[in-house]
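Could you have a look at this structure, given as structure tokens, before my questions?
Labels run A, B, C and D following the written order; every chain starts at residue 1.
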Amino acid sequence: MSEMTYSDAVKDAIRMELRRDPDVVMFGEDIAHHGGMMQVTKGLLDEFGDKRMIDTPISESGFMGMGIGAALRGLRPVVDLMFFDFALVAMDQIQNQLAKTIYMSGGKVKVPLTIRTQGGGWKGAAAQHSQMLEALFVHVPGLKVVTSSTPADAKGLLQASIQDDSPVLFIEHKQLYGVKGEVPEGDHIVPLGKADVKREGSDVTIFSYSYCVHLALEAAEKLADQGVSAEVVDLRTLNPLDFDTVAASVSKTHRAMVVHDSYARCGIGADLAAQIQEKLFDELDAPILRVTGGDVSVPFAGELENALLPNVERIVATANELVS
Amino acid sequence: MPQAPPSGSNRPSDSLSKDDLKGIYRQMWILRKFEETLLDLSKAGDLRGSLHLTEGQEAGPAGACLALRKDDAITMTYRGHGYYLAKGVNIKEVLAEIIGRENGTSRGRGGKMHVFDPEHGVLGANGIVAGGVPTAVGAAFASWLKGDDSVALSAFGDGAMNQGVMHEVMNMAGLWKLPVVFYCENNLYAEMTSLEASSGVTEVHKRVAAYGFEGVKIDGNDPLEVFDAVTAAVEKARAGGGPTLIEAMTYRTCGHYQLDPGFGGYRTREEVEEWKAKSPLIRFGAVLKEKKICKDKDLKKIEEEAAAIVAEAKEFALAGPIPSVDGLADGVFA
Amino acid sequence: MSEMTYSDAVKDAIRMELRRDPDVVMFGEDIAHHGGMMQVTKGLLDEFGDKRMIDTPISESGFMGMGIGAALRGLRPVVDLMFFDFALVAMDQIQNQLAKTIYMSGGKVKVPLTIRTQGGGWKGAAAQHSQMLEALFVHVPGLKVVTSSTPADAKGLLQASIQDDSPVLFIEHKQLYGVKGEVPEGDHIVPLGKADVKREGSDVTIFSYSYCVHLALEAAEKLADQGVSAEVVDLRTLNPLDFDTVAASVSKTHRAMVVHDSYARCGIGADLAAQIQEKLFDELDAPILRVTGGDVSVPFAGELENALLPNVERIVATANELVS
Amino acid sequence: MPQAPPSGSNRPSDSLSKDDLKGIYRQMWILRKFEETLLDLSKAGDLRGSLHLTEGQEAGPAGACLALRKDDAITMTYRGHGYYLAKGVNIKEVLAEIIGRENGTSRGRGGKMHVFDPEHGVLGANGIVAGGVPTAVGAAFASWLKGDDSVALSAFGDGAMNQGVMHEVMNMAGLWKLPVVFYCENNLYAEMTSLEASSGVTEVHKRVAAYGFEGVKIDGNDPLEVFDAVTAAVEKARAGGGPTLIEAMTYRTCGHYQLDPGFGGYRTREEVEEWKAKSPLIRFGAVLKEKKICKDKDLKKIEEEAAAIVAEAKEFALAGPIPSVDGLADGVFA
């Protein structure tokens, strides 16, 4: 174990995989020579050279599609999308091609490609540089969708993603890069498809993932002061979803809410609420509530952006509404 | 760097054996018979959905695939039957796929627009115009990164040239000199829209001026010219010389899909008839006779052999098991 | 009133709008000279000429983006996407540009652009030509999302869409073109944002939209035979959603289900279930159930496709589960 | 069809008045002072997010916008401050927008990457590389359909050339001869990646060979050459002659964004210094002196005027109201 930032943990995972398997290659914009706009891949070019770490032109559709071909021919590409918002530029290649290739081949091929990207707001980056778009990729089947809230999870889940034979969308978050935590040294695998109870509680469950887990944990702390025991479950993998862990928690607390900073309608919160009430209707003592990024494009002005996106106060208030 | 040689002198096709030449003719007939069978199956209600036939364009797949190795990669379109057949995919399993059977190439999940066979380098037919071109370029990218000498070829239409992703991957192919061959079947139409109505520059091969590699224009209805051009492009690619775009002039003598009569609206009957007369099967049959490789009866025999192969495949396919609903979600993930 | 097919009703709406307003223009692939792959726009070129009905190259991103510019400069474009699946090719222009332009301008501009497309399966068109992707466009805010199940609604809602000053995604369905019904002659407006109770009932509400409304109505008929009174609500506009009509129905029947042929996770059914249980928890006598297109790419083989997509039997069985 | 005239003889800029020329110089200083102010505000914490400055590229907006009419349309990028200012948008409202105030051009919702002002033909700055180019081509499409004589110009970088959508709209612009000017600021880098590392063909203006219209290459650091080239392109477009691509050679003497020192990694300090010496403000100041239009003190005075305009705008912006949270969802729909 050693303490490191989320950013370094991500780098560590990529480095471990590049070392482990010569078929792992990474490409994207400004990732090699510059080391990535968030400096996450800094130094990897020196160790692995420019046939393993490749700077591309600004051609997201093109290099995403090339990743598919490379994966079908035995490589294990890590494709970097600088901002999550840019996934929309490459959407046909991601959703009509990458996500469907295994199914359309009747399960005959493997497509071991990992898309690595980062999203999220609170930075004054406005409508086209702040989106968390995970729900779009959970909706259309065929991609594993993975998030992480801690450095250790980031490392373990990213290594697992790169080792997976299905395409994986690995989503980081702008607000997480500076977060520090203990991270196992050497190879570290956190299996995909497993949620994690980040804090135990008995009165209400707060489901969340990625950066918002931290808001949820802070809220749980405040709630504890107010005598409310909140359980915080980090969903981590959004597809496939670990519904067993979800069910176990709801069966314990009988009250649930979901927190995410992405849009509300047809979002992950809606999906989880629908599944929980469908399968655990009799367990519920209250409706499943949501604290989300609303149904508005991310505004530029700080006051508006902060009002739109989730915060600790709204989480606390919502939890209180549930237990009252 | 090797160039597409001038026709007439020292053509790669000069060294093809008689059997090779007869093989080309056979391959073209297999495709034709195969598609006639698809149309029959469609009319009989045994084949679902729309069917994009390639009548009149048989020279492309037959000539191009002969220039490829088994370990070379290829992608094609919804109109790509000829390519995956000529690349070596089991015709029985293809036909089973196309009628949605469990013993099809994709267990009936893919259908005719989505045939895969990685063993023969077939990385997918595609329903999205230009959608599979990046896959081929990515295969070439893999060869380049690994330093092996396999190449990739992507076959697509003239209309696909106007998709943005084509531009992106052509630029990267040119930039990195990737071992890929862009094989553009210029059949003058994209669905019912003519090339003049959709491109500022209608000489497709000139458009690669934007990417820094060579574009050549060939008679795409002559399988030997196709073989020569693809061979030259493949050799150049294997030698590290980068990509080539081949603009192969051809014509779809059938409709865009089974419900399009093929003339009356966007094309005249005369135009179609003119091209029918220039169709690869007719022309290449004449070549074989001229070269004294075949007599009429030999040609007929090859046609019958092809018909028999397809008939056998049809029988196999129709006897294939219907996929079980229990396996519906198989293959969402690897 | 005259009886016509859904296909003719759509044409009628486009024709009315082209006549009404010289700023209305339509463009897309093979829509002018050929009259559209579904023959819906046949004849319009003759009446309106090639500066109002324009055939484009196969460049969905490009002409979608051009529609935005044209709309900002006073035209009212109807942009045709031949298949709904192709929206993914133009996704950046639709979601990062079109959907956000009004908001990013602070409400200063109007963007009166209507995307007209068609989706849906049951045709053996497989994974890339059968998708209903409405949830993706409800998730990312900024587009009105409109469907219709009858010829009259198709005409009235499409005219309303074209007249709207916000961008609208107008979604048709392969299975509907041949459906016949009475359609008002001349101008016909069905306001956006209003659901429609297509059949009244008291035991259970079936929410649906587009083609699946017909399956729901058929199921309701069967259920009536079995003594179950099912209300069928056609949501029509998916964004903005007419929650008042939803709430009124649930408050009456206390049992609800949603039927759609698109993917389940983060789908419209999930969204509706989440909202209903959130706002009407105490009204519910049973969980909200869903009959959807599942979480699998659309398979080619008929037996698999039919098993994946909703059918009357599943709807009946689900309704019975709710009332039992 | 009018062509970009050879420099030296009969240039449109020959007929610019002294006031016009001084106006160009003033416009460039306004931009420079404006951006210095943005950087100050950013350092002071009054301005959120990343800031893409355009130091060294002032000649483009000043020269290009002078060649446009108020009713002509324009789109630009995240690095487009110069264009919307020179196109006539109220500088106070722009600055208010950039610090997120209710009296900003987009009521604080858009921020610096999303400035709109339809009254001045400004159809949006954009955060997506090449994302706003189709909007401009669409504006030209509208002019073409309506038969009016307004034109559209889109300013973008060399890196944007590799986006697929660029290809798609250039093809349509060429096909239909739309009245649009593609103004490519070739500053040799896209973020930290050089043009050679990202394009198979680095002479950007030659890439339009694929679309059937003219591409010209100019000194983008000379506002008069910019004015001449854009004037010629605009005249051609208004006359129905279709699009032109202008490759304007320039250089960003600052970093890609405020946290990038601009050298040390992808560029040498020497390279940057060399270009600084060739920067438009320095060169054009010398031209004004040479033409005896200005003395040093006149130049200084213009600089001070520009600083005063920006200072006033800053005051206005900082006094602007913070947007009320009640209006958060205003403008999701029209």
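By our rule, a contact is a pair of C-beta atoms (placed from the backbone, for glycine too) under 8 Å apart; a residue touches a chain by one contact, two chains touch by 3 or more.
Everything quoted here is computed from the prediction, not taken from an experiment.
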Longest centre-to-centre distance from chain A, chain (CA-based): B
Select, from C-D and A-D, the pair of chains that is joined by more C-beta pairs in contact. C-D
Between chain D and chain B, distance of the C-alpha-averaged centres to the nearest whole Å: 46
How many angstrom between the C-alpha centroids of chain B and chain A? 40
Approximately how many whole Å separate the CA-defined centres of chain A and chain D? 37
Tell me, which residues of chain C touch at least two other chains? 56-57, 59, 61-62, 85-86, 89, 92, 96, 103-104, 126-128, 141-142, 295-297, 299
Can you list the residues of chain D that touch 2 or more other chains? 106, 108-110, 114, 126-128, 131, 162-165, 167-168, 171-172, 175, 197-199, 332
Mind listing the chain B positions that touch chain A in their complex? 73, 75, 104-110, 114, 116-118, 123-124, 126-128, 131-143, 145-146, 152, 164-165, 167-169, 171-172, 175, 330-334
Touching residues of chain A toward chain C in the complex: what are they? 85-86, 88-89, 91-92, 94-96, 99-100, 103-104, 126-128, 131, 133, 135-136, 138-142, 239, 241, 263, 265-271, 273-275, 277-279, 281, 286-290, 295-297, 299
Which bits of chain C are touching chain D when the two form their complex? 25, 51-52, 56-57, 59, 61-75, 92-93, 96-97, 101-112, 141-142, 144, 164-166, 240
Which residues of chain D touch chain B once you look at their complex with the stated criterion? 162-168, 170-175, 197-201, 206-213
Chain B touches which residues of chain C in the complex? 29-30, 33-34, 37, 55-59, 61-62, 85-86, 89, 123-129, 294-297, 299-304, 307-308
